[in-house]
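What follows is a set of structures for review.
In what comes next, chain A is part of two complexes: it sits with chain B in the first one and with chain C in the second one.
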Partner chain A sequence: MMRKAALGVALAATALTASACGQGVLGGDSKKDKGPILLGMDIPLSGSSADIGPYMKNGAQMAIDEINAKGGVIGRKLQLRAEDDACDPKTAVAAANKLVAANVAVSVGGYCSGATLPTLPVFDRRKIPMIIPAANSTELVDQKLKHVFFVNGTGDQQAVAAMTWMTKSGAKRVALLHDNTSYSKDIAVRTAAELDKPGGPDKATLDAVNPGESDYSANVANLLRSKPDFVYWTGYYQEGGLILRQLRQAGYKGKFMVADGSVDAKLVKIAGGTAAEGAYATMTQTPDTIQGAENWIAGYKQKFGADPGPYSTQSYDAVRVAAEAIRKAGSTDGDKLVTALEGINGLQLFSGPLKFTDRHTLTSGGFVILVVKNGKFVLQDALK
Partner chain B sequence: MSQLIWNGLFVGSFYALVALGYSMVYGIIKLLNFAHGDLYMLGAFSGFAMLGAMGGLVKSSSLVALFVVLILTMVATGLSGVVIERVAYRPLRGAPRLSLLITAVGASFALEYGTRIVAGPNPKVYQVRLDGTALHVLGALITWQQLALMAVSIVLMVALNLLITRTRQGRAMRAIALDPKACLLMGIDVDKVISRTFFIGSALAGAAGVMAGGYYGKIDFLMGFIIGLKAFTAAVIGGIGNIPGTMLGGLLLGLLESFGTHFVGGQWRDVFAFGFLILFLTVRPTGLLGERVTERV
Partner chain C sequence: MSAGKGATVQDPPVKPVKGRGPTFVTRFLESRHLGWAGLAIGLLAPFVIATPYAMDVMTSAVVFVMLAVGLNIVVGYCGLLDLGYAAFFAVGAYTSGVLSTELKIPLLATVPAVIVVTVLAGVIIGGPTLRLRSDYLAIVTLGFGEIIRITANNLSITGGPSGIYGIPGLFGDATSSQVVFYYAVLLIVAAAVLLAARLGRSRIGRAWRFVREDEDAAEAMGINTYKVKLAAYIAGAIWGGLAGVLFAAQLSAISPASFTFLQSALVLMAVVLGGMGSTPGVVLGAIVISLLPEVLRGLADYRFFAFGVLLIIVMIARPQGLWPHRSRER
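Let's turn to the complex of A and B:
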């Protein structure tokens, strides 16, 4: 503790000297206020979720380019600085420290909840606002940190959406399966709590698998012992595809639903053949399910030569929210930005008009139900 | 019950196939080759690349294609194993064991992230999928594909055992396991035999990789990590360095996992399996068949 405090003082002293020097050279208007405003982004570029990082980075870059083309904000350009968190808590903290050292004004990253969790205090302590585009475990919200905001629906909102759909689709016995990560367990446990309430479908079982393996036949056999007619997988798509395939191989005929971490075209491919046909998903809006996003998708394709993937829209929105806050605050001062963020009312995002709750989450999660049809996730029910 | 046993045996045969390479290498040069799990991954990826190169041919006769690819992949991963041994392990053979172990960890990372650079971080899906109708045997659901894969693993394991116990080559391996210096003096080309051991072990891991790709369908550059650990565990249970023991260890670990999931639930499975392992090793540190020192390879 003492060492940390001492280090903090030393760093603060260095920062003071640095800014003093800047003022000395340029006088009054320091160089720091003229250069580009840095937006930091902790995202997985390696490790198990390495394929999501580029989608998020591209989405954010697209927003930044659009804003810069219009002259930037408060007379300065925006610039993105992405660091790899490898979906790993230790790497994520190191990456967050790098961003803090680089003097980012706002953090617009965060995908894996487990890796994002330890980075919250890193940014919060330096009064750097975080606008988290993807990570959405309720565990993150429960930290109740002043500088942390969420532009993705949270775990409890997703659980409610899942419950609504299970009831609506006539499920009787629901088996819940998660992968023991912060994100996945959160949704499963909260859905279990919803199921345990009187009325509606019952909980058949709540179980977990170890991510990163290939054979889940033992888990599947165990799951089927509880005789479910609806299975809800709340982990990521790599295991999701395998579990779906192995469930079908084991003779399961009931319904299958995944949470937003599993919504990826690869889920269908991994499940193979037509195994994924008719599988549902609880999901926040994706580029292909948003009406009127065709232009956005075309722009993305033209720029990056690939289809936009999950969380590209949320990352795009996170940057826009950050820019809006900086514009309203007229500075990059952390406290002023927080006030500005809390004051945003009606900024049009992909998920609808934005107004943060007092917990800094979206008013409504904006979750919809998707279904796999002809190998693609399409909208089934908007739950409106 | 019969389903539990079948599930366990099926997974166990994969563990056993990968574990054999661990065991052989440990037996002969006392090295825990941590890159071994990644040769399994390399096998899966080279199989994927070959199937891709065959293109339309795959569609018409997928099983034949998979079999041809299996053989070619075994050669390819076998050679990779030889190269790794030549580049990373042989120069350090006189060095302390710890240096060799660290090099093995390094080789493992090099393979994983090298593959990531070449093939990209996204998981790949095999072009050939072994889909099949299930048979009901004694209350268990079994597919023809599972039976075929089991048969291939058993054939490979039996062939390996014959090679080691019945051939000159196998005798040389066993002799080196006992005393490499004496072998050198007796005119055995120790380096060559070690290279061959790496070839065989890596080829088996490559075969397991292709089979896993064809059966489970998903491959990614980190897939070798967990199976490497599991295979290592299987080798230790069976008695590392002992071939029949290693096979038995693989099957036992598969069964432990299957029953662990059944009795204590999915999230406790590994706690159950590895807790049992700790208990077992305190009672019998040499593993199931580990005492037959004279026969180990």
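Let's turn to the complex of A and C:
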């Protein structure tokens, strides 16, 4: 009994001494108002989408360096804090909490929609504005959270862009294929709804594959049975490349289009040069397709020794939007930042002048159509 | 051989082995007060560090302890290798998530329904599979784990691939403080751990261990092995389902991505790492498995590489687990 009591006392003593450091429940609120303003970023640095993380991080870092070179905002420098969300909901929540614990002023991350979804309340509850550069499932928007903003086109905007191009390119029967992830199914289902409307091309089939497999010939055969002349794949590039190759091997001669998750040089590599040639993509603007972005690309290359990739520009823009909001609000207070964000009008982004809708999304998705030419994605149609 | 004078005194043919009495360390490790000390550490931890990140990681660890203790009933006590344990975790999380968001009731009120549904799931999955043994059981449970996940991915009531979001907290208030939630989870899990440990020492617990050691002998001694195994499976299912409720409350959003085979494998790893059948070992194993990836966060890309290497080192150094079970009947 004595020993137990002694143990308890010892434990309590250790705990109380440690809590004097101010991190325990008894410690005070230690919000810093000096030093750099932290911008948090939940991005995949490991797992299936690990390729994207560095593109986004570098894009954001570039904007931060530019802003800091001009003296920062409201007299303070900006600093980036990136955490790995591994594209997994549980890891993403832990990472988001880590950012909250570090007292970030604004979150400028979010790539995988499924992993970003549970992080929304983590930030929203603590009144930390989120400017999401990539994740764009409509479910994120539908939550209508006060502190959540999107600088990427949303799923329904992408579906409309896809529909416009299908009609324009003279498609008759469109087959839709998704990989049953939140982002992918969202676009496919919304495009299907567009196709079901009278006029324009018809829906041949709407089908799903299991991501991560090494053979999709059964799905491809099933797809071809519906006799499509246009196939739209809305998943990511690993599966997209394989499906494209197997479609061509199966003798499919029609058009093939992918959504923005598949726009990566690896798609062409996996599909094989000739199979990928002529494949279309719905994509928000990338550095390659934006006129006048040559200097930006050169600057990026010089800084990071690599080409910018998907979502580099959106992450760059997200940081600039955050900085603009802090400048306008004159503080890092969450409510003031939201008012400032809602008030931004005409800030020049890669996707055009910014004005958030009342759903906190871009007025137009800024989607364009890319085509694979000589193994690279180039602009086909700006849809304007 | 002794070379004494004459052959009057003969050495015994086999030297009696003097049993090593319980050393200080083993006596310490077997002490029953240790559980209370562990609970005390858990209760006092928020006084040391209560940042949102720390609270989130600690809550995850405690939920993971619940999962591991549940799987320990199936794998550790009864020796049934279950590779699809995440299925029950998913069933619990989805049942409570769907009910609470559709009916707008606090999560705690869904617990009776969760227990009923997980028991049903246990019977449905366990009924046909428990007639199988060893490898075959492992393969079939692996299949069921995937079936549950893919079903959740394709049903509309489970929200398909994006899952269910906006799940209220345990008491219906989504904004309740993380510290309060941590304490609630800690007390629930502590009760569950205690119950599982007592279950392991009960009459049915002995039957489980008998089945694990020798199923045929157990049957010959009059134990209905099928029923006993099904009981272990159902108990494991209930523990897993309740862990699912806590998980849903913590994340406020659940999706099929959280219930992959990797999740089943991690829980099994916690059980094996800690020491199969040993409650303190499994608790320790679960804490290690859930905290290690977070501790190694600084290594960025090398995180899971380091995680794997550390696990291999532990299994080489202590193949019986960190804190193995010592058989003793009282």
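Convention: the second predicted complex is superposed on the first by the 353 of 384 C-alpha atoms of A that agree within 3 Å, B and C clash if a C-alpha of one lies under 4 Å from a C-alpha of the other, contacts with A are read in each partner's own complex, and residues count from 1 in each chain.
Heads up, the rule we're going with is that a residue touches a chain if its C-beta (ideal position, glycine included) is under 8 Å from a C-beta of that chain, and two chains touch if they have at least 3 such contacts.
Computed from a prediction, not measured in an experiment: that's the story for all the values here.
In the superposed pair of complexes, A:306 makes contact with neither chain B nor chain C.
After overlaying the two complexes on the shared chain, residue contacts for A:84 are found with chain C alone; chain B is out of touch. In the superposition on chain A, A:382 makes contact with neither chain B nor chain C.
In the superposed model, A:139 lies in contact with chain C only, and not with chain B. When both complexes are overlaid on chain A, the residue A:180 reaches chain B and chain C alike.
Touched residues of chain A were counted for both chain B and chain C, and C has more of them.
Within the superposed three-chain model, A:94 lies in touch with chain C and out of touch with chain B [touch as defined at top]. Contacts of A:193 after superposition on the shared chain: neither chain B nor chain C is touched.
Contacts of A:46 after superposition: both chain B and chain C are touched. When the shared chain is aligned, chain C comes close enough to touch A:115, but chain B does not.
Contacts of chain A with chain B, set against its contacts with chain C after fitting on chain A, overlap at residues 45-46, 50, 180, 208, 210.
The residues of chain C lying in touch with chain A in their complex are 33, 36-37, 40-41, 44-57, 60, 150, 153-154, 160-163, 165-166, 174-175, 179, 250-255, 257-258, 293-294, 297, 300-301, 303-304. On the chain A side of its complex with chain B, the touching residues are 45-48, 50-51, 177, 180, 207-210, 212-215, 217-219, 221-222, 225, 238, 241-242, 245, 249-251, 266, 269-270, 272-273. By the touch criterion stated above, chain A contacts chain C in their complex at residues 4, 7-8, 11-12, 14-16, 18-19, 23-27, 45-46, 50, 83-84, 87-91, 93-94, 97-98, 100-102, 113-115, 117-118, 121-122, 125-126, 137, 139, 143, 180-182, 184-186, 208, 210. Listing the residues of chain B that touch chain A in their complex gives 3-4, 7-8, 10-11, 14, 113, 116, 120-123, 125, 129, 131, 134, 141, 143, 212, 216-218, 220, 222-223, 225-227, 257-258, 260-262, 265-267, 269-270.
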